[in-house]
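Each of the next two complexes has chain A plus one other chain: chain B in the first, chain C in the second.
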Partner chain A sequence: MGAEEAWLLAAIPAGVFLVLALFGRALPRGGDYLGVAAILSSFLLFFVVLVDFLDTPGKLGPVVNDIEWSSIGENFDLRMGIYVDPITIVMFAVVTTVALMVNIFSIGYMKGEPRYYWFFAVLQLFVASMLLLVMADNLLLVYISWELVGVCSFLLIGFYWEKRSATEAAKKAFVTTRIGDVGLLIGILMLWKATGTFNIQEIIHHVEEGGVGQNYLFAAVAFVFLGCMGKSAQVPFHVWLPDAMEGPTPVSALIHAATMVVAGVYLTARLLPLFEVADGALLMVTIVGLTTALLTGFMALAQTDIKKVLAYSTVGQLGFMFVALGAGHPAVAMFHLMTHAFFKALLFLGSGSVIHATHHNQEMDKLGGLWKKMPITGTTFFIGSLALAGLPPLAGFWSKDEIFVVLNDKWGAWAVVILAFAAVMTAFYTTRLFIRTFMGTPRDKDVHDHTEESGLVMTGPLMFLAFLAVVSGFVVFHGVGKALGFPGGITEFIFLPHHGPHKYHFDLAWAAASVAMGATGLLLAGWMYWGNSTKRSTQLAEAQPGLYDLIRNKFYFDELYQAGIDRGMLGFSYVVSWFDRYVVNDTGVDGSAQVTGFSGGVLKYLQTGRLPNYAMAVAVGVVALAVVGLVVRG
Partner chain B sequence: MRDYTIFIPEYIAAGSAVGIIGIELFWPKFRKDWLAYITAVAALGWFVAGLFFIGKDPNSFQGLIRSDDFTTYFRLLAAGIVIVVALMSATHMRTRTKTVAEYYGLLLVAGCGMVYMAAATELLTAYIALELLSFSLYILVGYLKRDNLSSEASLKYILLGAFSSAMFLYGMSLIYGVTGTTYYEGIAEGLAARGPGTDPAVIVGMMLILAGVGFKVSAAPFHMWAPDAYQGAPLPITAFLSTASKAAGFALILRLFTGALIVDAAEWRWAVAALAAVTMTLGNLVAIQQSNLKRLVAYSSIGQVGYMLITIAAIGYGDAKVGQDASSALLLHIAGYVIATLALFAALTAAYNRTGREDIAGLRGLAETQPFLALVITIALFSFAGLPPFAGFATKLFMFQGATTDELLWVVGLAVLNSFISLYYYLMIVRQMYLFDPIGDVGRWKVSPVLWCLAAVLMVGVLFIGVYPGPVFELTERAAQPLFDAAGLGGVQVQRP
Partner chain C sequence: MVPLENYLVLSAVMFSLGVYGVLARRNAVLILMSVELMLNAVSLNFVAFAAYLDPDKVLGAIFAVFIITVAAAEVGLALAIVIRLFRNRATSNVDEAASMKW
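Moving on to the complex of A and B:
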């Protein structure tokens, strides 16, 4: 057993998915223990893979293991396999750790829900697909697992399918990401057309040799990036993620915070060499990341639903990761991806603990003063909030700090200013969230009285994740990395072959600036919301009503899209259908026989003159073809 | 040389057809659903007999009919479709009509017609085979003669079918006038020997032939009959129409266009590309507006035909290598499409037997009352939409790959866009099944074991082709091989400027 057998990580949950889907209903407790056992074995296997990987003689060279999938003729050889390199290893660590915590947490959170077994079954399928996605060695397999995680997300967002809002959200998420996926597929096919292979490393090699023209490459990369934007909910595709919060909260933690939504970041990091060769692609990534971080920062300011705030913050943090990629530093992006996964999963599970304890109350207006009632949830949530706000020495600080450094090196001050503004807002709304939920006096006495701390099955994962939110940032240091068996800090561990390692060095000036951003947002929010007061924020909202409405309504993106769909797509299809029905005389939706059946037989129907029109369509078609063939082309 | 052994499989099928009609004639009390099982067994015999022809040396009957791997492929496909459709019909037809022997007999005969459309290497033989299939279908579509919709559909189909047959014949006669022969091989030589310059007779002839076969596969604007016929026909016959009839049309197109018309590819390929673009766009957009399941499937299958036509255009644009890749991918796609369609109809038939409704809303809450059927339908629809890991994704991918020549990039792009649009109306059905409560207070109900097994087997087929298409692709590649080295055309590939 070694890194070559890493496919087992995905195979075990996939097998358990089949068992749970088929027999879960009949198993005691819906077979949740099988789910936990499957993820636990993947989690443990990860360490086996890690040790083997670090011991491989070629020091951190990628490990490849593939089989022939379909081979026809000489130039049509498709191989499918796995590719394990440091990026994969980091994703393994994130996915298996968070998935394990979420699985354990769900035992408590989902207790007594209908379709309990189905929840665990789909969770297994998701983990399997996600692990497959991060170890796929070719774009075809990436696309397949990409769609699979999308389907799992669809199923889990719509888990409470009795709720109309949940089914609408599921559909919205599926369709929105599918728009990006069409781009991804086109991009993949374009890359295949130019290089003749789906294998990621071969494509990169081919492109770096200069085998693909600049404009063509940029188009292909832009299409692939469209898919990444859809999956990672970047503006203008961000609309689906806040709605996706309709799903059970553990799902939000696993899929819509820590793992699936970072797939776009992962794929961009994986293909970054292509972005570097294509002129302007990095700038595109940076601008998308900056725009997203800034806009969603604003949107989060005015949300009152705990999970929605966290959702917008997730989108914003994904923007931070794209900014790091746009600066050409996959290592920094992956580092932030990892720390963010831990502290954001912590925050989501913490909010899940609150929601569970307050009997599905997630409006901040009805909460408050929960710290004393839920000390463990409160403390761990506090740690998560500080990590998100980016205060030292928590994990979020180290990775965010590094993003600023590389961003400044690559694009200069203008980009830093925008991102700094987003960082201040992050600290602000995080503090607001924490104060409004846990501090002050309870706003709804009834809710408050019936609240008590969740059991160990839920608080255990919280404490473990809080621990990671504190320490996981330290792996950036040379000494810590060495102690863990890496060749150095994490940024030296993750690098693309031609890049060379990126050495982390602590810069006091940047660190101070970074702390200042966090502190500014924190103090501002404290000044505004401390002590149960909303006087200042209300004043502000009333002073700037236009701005407040704009933010509150999330810049009217949803309304804009709805209008576009109604007037554009459906309108167009209606026109074509009308044309088909009346101009060339189709019988219409319900068939005309019912109508004519009453009025006496088929022959009479024939005299209504519709059939000749059918024939006319055929004749016109032939004549048109012949005329084009003879006159236009002749 | 007259070698009658190449007809043995169809002797079995046609002989059984006569036998089945005889059984009911002389023994009217014979159980109607047993006739269906006898048909299935006969078709199985036909299938097994077909298996013996795999890999055999090509054999031609007087230059009219060719027995090679291509023929064998469609023979197996036809027999398979007949097996499934017969089993699907067993309970469905028993409750709806008194005499069913002709129904099953004609099913077998129609299958034979399909085989000879694939096997014919001469225009009149191809025409007769096409009419054998069509005439059987005219009767089958109108088989529920007390049902107005069924009769209307049949009559429309007959009249339009006759109209398009006339066009096909006229096109044939023009080509005959230019080349002096109706043999594919001779036509190819005749067209190659023709002087440079545009000959109106050739162009008009090809366009007429294109219209004739376009009608058969229901390519727009020759598609108008399809929604009516699909809606009026008994449900299993709708399944047969959307699988066998389409596959047969493509078999004829492949044989004719690669064998005879390829030498003048420049004259027809643009038209095929245009038809492909129009067909897929129209099919998918109009499908969005449908509320009747059969009509929706009709338009969705029109969209699918649009995708398939791209490969025919690619055969015209590319060299022999591209042509071969495209044809084998098309054959693979047809296999995946046929299996997914049959899975869909097996499930729909089971649901229809229970609810008696054929509008989309009739499937409301199916996930609760019959989760297995809902799953099968969902998988079939996702396969049509080209979502991985179902058959439609892999086969469409191979097909688009094979067809991506520089001239056709725009059509392929349009096809990818269309696949996305199609997801919209497939999701409408999925939404009805999963997101709404069943009408009334109905509990769970059971599916008849035959339909259950049928749906399960076909669903596994959809998944298998989607996850591991390699073995099937190897088969289809062998099936496409003879098209490109048949009758000395292997190396010729005369392309006119």
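Moving on to the complex of A and C:
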């Protein structure tokens, strides 16, 4: 088989989903081995696809395999198929690798949980949908799988549905992303109306030929981007992601850090030629990315829940990716997407290991001093933290550094300053997270005493991901890429057709600046939190109570939305409900019934029961008809 | 040969008498007889037109035979109803049987 059969990657987990969903309850161990086997086969098949793709003559040409799906009339011919190009390959690598690690990790983490089989079933469905999403060759298929991953996210956030907060979070995630999805659908339909096709490449071709007006194109692209913002939790849609941490931690690692939330980045990268043609679209992407990176940087500063800190950092890093896209460099965005997926999955699984070991304790105020107790988790978490903080030679450094370079080339210093500020904060809260969890002395002796290092089934994936968090950044170098069989570094692998490969070159000044940002945040956090002390941070909070409250309450976004729902939404609903009750129901439905009843009450007296009356009526009727007939005929 | 108009006039007179009987009489049996009168008027029309338009074909006559057959069945049914009415109410006056109303 070759790259044309890449659909098998998604088909296998989809099949296993059906088996698990129907029979998982009856299988020994809930069929978790089937899940791991399915993902493992997708993971292995990915290498088959990769080798075939790299061997394809006409280097790096996309591989297309499509079938007719439905045909209506002469002009409407709907095709469905797969489209494998370098972006898809990178997404394949990320999704299959992280999914495999998360599946293995879950065997340990989810042990003894209720609905164990169902967890693995939905995980398979998610992987299948996500793989389908990244290889779909047309927007309709993208939309279908887009919604499918959304459903999986909903199901897994609400996995512990006995907890009210979990069902609320699932609902919030679903509704918030749905607002964006409506935009996506409108955008897709607008593009279809203008070009007459759903096929992504044909749309891009059509647009590049200048077949679509500027304003119309901008509107369509903005609507599509709305969907991307919802899915990738960009401000102002970011509110659902921190709440999504109610789901089991492996789910947070897979769906809400490494794969599903980057779907927005993926789709924007895929459609970037449209953004480039539409005036101002790239600036819009940049501003959204910068705003998100900055605001969520602030929000993460004052969180005490491990997973919430990581969630805000995820949103912020997604902002970094959008900044790279806004600078017109999908390769850089995809590079950061990949390194981020590895180290953020590592961090989430590490936090999962901590939570599992401390019997579901995820408040930093009760942790501390865990490194000695959990050496493997602690060490891998340390590596992940440094990667997130962006210190060399870890993966996060290379990709973040490159974002700064392209951002400076495209938009100049003002954007770089904002992003640098966000990067410093990232390093700060990551260090704070690490110190408060793993360093110092335990703050809750009881929790600390009962903590043990997790088993190999959990630490194994941690170590593998830590390895990737160290080395995955090196693929940017020409030599490393060549050695792996690629045409060069990752930025020479992924590029927009008419741009040509963008060769990476190491710039010492930028690297130094990047290291300085990471080190600043790291040292500041160290100064503030080292040695189990919160004295300095408390002083700072008391010195600036207004600012602290603002950050602590996450800029009051949730309160604002709640007020919007309470006032605007409920007020509108009240009007609608009044209209429904008094106009539709009382006047329309009941009204027509009353008119019928009243007229029946009057007209019933015509039914005298006397035969002569009826006979007379018939006779008069016949005569009347005869007269009418005569008159009409003249 | 008797002209067509004579038949038509006779038929119209018979029909009108029948209508008058149905509307004016209260006795169920008499009403039935009036209905028969109307039916026969119609039959007469058919036969007269058949003979007038195309003497070789007997289409109108066939209709008359059908009407007689149907009328016989109808009278059988109607008389059965009249008998039931008489058994229940001891009368054949249709004004007495006026309970099927609002």
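Operating definition for what follows: the second predicted complex is superposed on the first by the 583 of 634 C-alpha atoms of A that agree within 3 Å, B and C clash if a C-alpha of one lies under 4 Å from a C-alpha of the other, contacts with A are read in each partner's own complex, and residues count from 1 in each chain.
We adopt the following convention: a contact is a pair of C-beta atoms (placed from the backbone, for glycine too) under 8 Å apart; a residue touches a chain by one contact, two chains touch by 3 or more.
Just so it is clear, the structure is predicted and the values come from calculations on it, not from any experiment.
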item: Partner chain in contact with A:Thr379 - chain B first, chain C second, else both or neither; value: neither
item: Contacts of A:Leu185 with chain B and chain C, given as first, second, both or neither; value: first
item: Chain C versus chain B, contacts on chain A by residue; value: B
item: Partner chain in contact with A:Leu611 - chain B first, chain C second, else both or neither; value: both
item: Partner chain in contact with A:Tyr143 - chain B first, chain C second, else both or neither; value: first
item: Which of chain B and chain C A:Asn65 touches, first, second, both or neither; value: neither
item: Touching partner for A:Ser537 - first (chain B), second (chain C), both, neither; value: neither
item: Footprint overlap on chain A, comparing chain B with chain C; value: 605, 611, 615
item: Of all residues in chain C, those that touch chain A in their complex; value: 19, 22-23, 26, 31, 94-95, 97-102
item: Sites on chain A touched by chain C in the complex; value: 604-605, 607-612, 615-616, 619
item: Touching residues (chain side chain A, partner chain B) in the complex; value: 68-73, 76, 140, 143-144, 147-148, 151, 158, 161, 167, 171, 174-175, 178-179, 182, 185-186, 189, 192-193, 569-570, 572-574, 576-577, 580, 584-587, 589-594, 596-597, 602, 605-606, 611, 614-615, 617-618, 620-622, 625-626, 628-630, 633-634
item: Sites on chain B touched by chain A in the complex; value: 148-149, 151-153, 155-156, 159-160, 163-164, 167, 198, 200, 203-204, 206-208, 210-211, 214-215, 220-222, 224-225, 227-228, 231-232, 267, 270-271, 274, 281-282, 285-286, 288-292, 295, 325, 328, 387-389, 393, 397, 400-401, 404, 412-413, 416-417, 419-421, 423-424, 427, 431, 434-435, 468-470, 473-474, 477
